[in-house]
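Before any comments, here is the structure.
Chain naming follows the written order as A, B, C and D, and within any one chain the residues start at number 1.
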């Protein structure tokens, strides 16, 4: 059912990208669009949902610029390809020095990145397959890209789930007008980033300030309960550990295929430093699992292989 | 003849200043004007020529911003006082990370500084006294401020000398139109920053691309040669060691009072770290001298006290 | 842990000395205090540590004496100071007027030097205690630093203890050792009441264009945020392996630039912290750290600083 | 010194091995090389050093394994590697295809471990030499690091020399010692052909909010620009006090991030340099350093890299 997407590793590289747009999303997030030409444009035209980049959040060509020393990993939130260039979108939460530096880049400035990195989601072979996309917090952005690609490949039974702490901290652009809060457990076209692929979605917030109150996993379970027995969607998820684990358990319980996109602290992002390990089972009986690199074996893994801690 | 200017130390402090202007000068320099209100405005309204500030060339309120770690010393190049605020001008050469950071500040942004620091030039008591101002490279800016203050205090026999490697690297704004190169050994009103105090000046460049070719000290000696015997100006100088030493020797030879503004590598700029020492004689017979702090005992010293290395 | 919103009790204890809060100055980076008065409210400090005082006045090294490095700086001041006599005559009277514990940092080139300075200072009124800077080359033992050999260090500390009686004695450990718990133990066994750590790491800067050392002294001591991870590790090791069991308080330092840094050292086992390089860049950081520590305690529901000293999860 | 504008001769010599230029990878930061292939032209490197190989495969430490610090990073990877057997079977054949000197870095927990790995590797074709990582705790001697005790280190190096015959042997010194010339001399006396320095400094990071260590292993090794001044000092001391007189070449490392940094180490006495942390941030820095060193030599009128090794003004 699931076709392995072979990433052509030669397409990766270090590139300079030009900032073409920088905008705020809610109180905590920003979205940035970078343009790449030439080899960079070609490499990113091949990028897969779930892949990420390592962004230099300083003037990396100036050796006296030392902070932040390491690059910052960001998931690709969307791409737009024209004949001679590729625009890549990212959505990021303003946290420390790296994301703050990035948030201050103005249009026309250059940003240095490595990418596209890692292995993305493995798409089902048939467009008939229904798919659920669960994104929580900064795990949402790769879901937007995945929705785009699914739509482009003819999947039209895709439903998104978006989790946030509150209305203001949603990692997406909310299209207020069209939102019917009394039908919040019904997929609706309310998030701009899902909307571009016409993917309806359900929102869940911890404080209930938008959509369903509570966890996005509970919301998706409620949604599944309302579907016919034959409904066996592929579940793709990205977000905090707790959410991913609950998603994996839900999928297991309902016998659904599930892929999760993990996050681990990364130094290199390209498989040389061994920072970003997570335990993966190497078979049904392997309870303990062994360490695999999230940056290069992942970040997307089959949920059944993940050993949760 | 020379009146000690007692700096009211309580007027110093740490202040936030707002960038009101940023402009290029030639290929290598920029000028920035900072505005201070309240206590900062009051403190800088009292600033003396030769005094400097310690500028934080990073977001010093963010502990994760670590480069450049130390502040950068810059001489005050001029001040403009209104009732409730003071504008302070600096002219700086783009060298490393500190000056580059400063050069990127845009209007409206805040810059944190300590100042005004050090002891400035001691002005003669009588406005009758003639004064020669010699500035070389980044030693020029304090001379502009000194010229302003001398003019305001009624001195009208002031002549400036400006040294640079070449036309393009002059640390001042050249008013091309009015410049008569055939009369380059005559003081002329050609530099905007000297012009504002109506101080005529002579320019000397190493490569002869502007004004006299050769050293500014030679140019001032030639100028002195053309004056009557009674002409005994006070010489005030700031610039590279070699130039200051030659100036001091010239003054000595001609029995002129001479004050030099020294530069030493500084860490704190406020007298606590003992970085910025230079040897000063403590009397006629003291050949060796002892270390004094440039940042707080200076940067301006009587030239006869300086032990040149 | 209690949910109190009262102003937490920031007071701490350093071998009999009771600073009102845990924030101190690091020797050599805050002069004799008054230089800083225009830039920070000195009266709020927990304690003040002077720059190193030696028996005779010292000129110090030839310039360039400091240089910035990546997130740090090298210094080779060379213990420039006015000497014991002038210090007692001119500086002490001023320091005494400050209403806080004053520690005088003492350096020397021979054990006798240290003893003379310490003995004289012990006779002075109004001092909280002494801090021994043992990162000086011992001219009688081939220039090996006092603080790197546990025997030499132990002898020095014991001899100083002898001449100062019960005056609180703080020994400042050098990090340039294979195992800092060995020298820590030697100092404690010989009579130190408090250990302060770390002093600077020996380092060097080269100007590739001129092919010369940047510092007049060629080598210097590295300080600042760059060294924080190493300093923190050393404080924690000394705390768990030497200080805790001996009831010895620690003063942690090395790269502290904000309240969070200070708290990390406190959690690692320091009863107080000293701030050096960061003060050179911004004196007001001293009081900001005091305020930040108080806010942290309140936010986490602690009423006393003492409750979190060394509370890093094992 | 000659005014030639020809491409300067960048070749260097490391105990019989002759890299075409002085820029190498630092163990553990460049994987097994091919991972970097998309980001830098590996064929241009002077030499490649593998991550540490141990007798048995090692999982490594639990995450979080690295954390950024001010101008540096801590790592506690825990020598994760595929073990000698798989390394020889799977990785070596690939490495052999690279047209440059390959050094395999060897680590162990007992002297026997080291010997078994070294003996086996010495029997393999196509290796330029071995690098001994002696910053590992010696489980048979109470966990003290091999590289901090000159006796233990000397014994280890002599025993390795015994089993590898004349194969070039590089010993990687730990900086966590009181006097690095002592361990340097011990390694040289026991048969090291080349010394590489420095390995990382032990350090720690604490999360004040959770009151826990950031690293799963609690402590880690500090690397990156932060440590450069200390590393440079150590390289220079080892050069002037041990290496020069013994005709031993040095590989300098610790915080190198650009050609100027590399040149500083070369002027201080290093015949070659290794780049670690900076590669994690930007693999292409490796070739940029090679180019920058060539430009420097031309600009200063040198035709051979060898002419400036250790030429820092005394």
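Rule of thumb we're sticking to: a contact is a pair of C-beta atoms (placed from the backbone, for glycine too) under 8 Å apart; a residue touches a chain by one contact, two chains touch by 3 or more.
Just so it is clear, the structure is predicted and the values come from calculations on it, not from any experiment.
J.: Going chain by chain, each one touching the next, work out the least steps from chain C to chain D.
T.: The fewest steps needed to get from chain C to chain D is 1.
J.: Could you run down the chains that neighbour chain B and chain C together?
T.: A chain counts here if it touches both chain B and chain C, which gives A, D.
J.: Counting C-beta pairs in contact, which comes out ahead: B-D or A-D?
T.: Taking the two pairs in turn, the one with more contacts turns out to be A-D.
J.: What chain lies farthest away from chain D once each centre is taken as the mean of the Cα atoms?
T.: Here the answer is chain B, farthest from chain D.
J.: Distance between chain A and chain D based on Cα centroids, please, to the nearest Å.
T.: Centre separation, chain A to chain D: 37 Å.
J.: Where the centres are mean C-alpha positions, what is the separation of chain A from chain C, in Å?
T.: Roughly 48 Å, centre to centre.
J.: Taking the mean of the CA coordinates per chain, how far is chain A from chain B in Å?
T.: Here chain A and chain B have centroids separated by 56 Å.
J.: Among the residues of chain C, which are close enough to touch at least two other chains?
T.: In chain C, residues 70-72, 224-225, 260 touch at least two other chains, as defined above.
J.: If you look at chain A, which of its residues touch at least two other chains?
T.: 64, 66-67
J.: So that we know how the chains sit together, what is the shape of their touch graph: line, ring, star, complete or other?
T.: Basically all the chains touch each other, so complete.
J.: State the interface residues of chain B toward chain D in the complex, per the touch definition above.
T.: Result: residues 64, 66-67 of chain B touch chain D.
J.: Enumerate the contact residues on chain C facing chain A in the complex.
T.: Within the complex, chain C contacts chain A at residues 70-71.
J.: Please output the residues of chain B touching chain A within their complex, sorted ascending.
T.: Those in contact with chain A are residues 62, 64-68, 96-97.
J.: Any idea which chain A residues touch chain D in the complex?
T.: For this pair, the touching residues of chain A are 9-10, 12-14, 56, 60, 63, 66-71, 112, 114, 264-265, 267-268, 270-278, 290-291, 296.
J.: In their shared complex, at which residues does chain C touch chain B?
T.: Per the touch definition, chain C meets chain B at residues 28-31, 35-36, 38-39, 51, 59-60, 63-68, 70-73, 75, 77, 80, 224-225, 257-258, 260-261, 277, 279-284.
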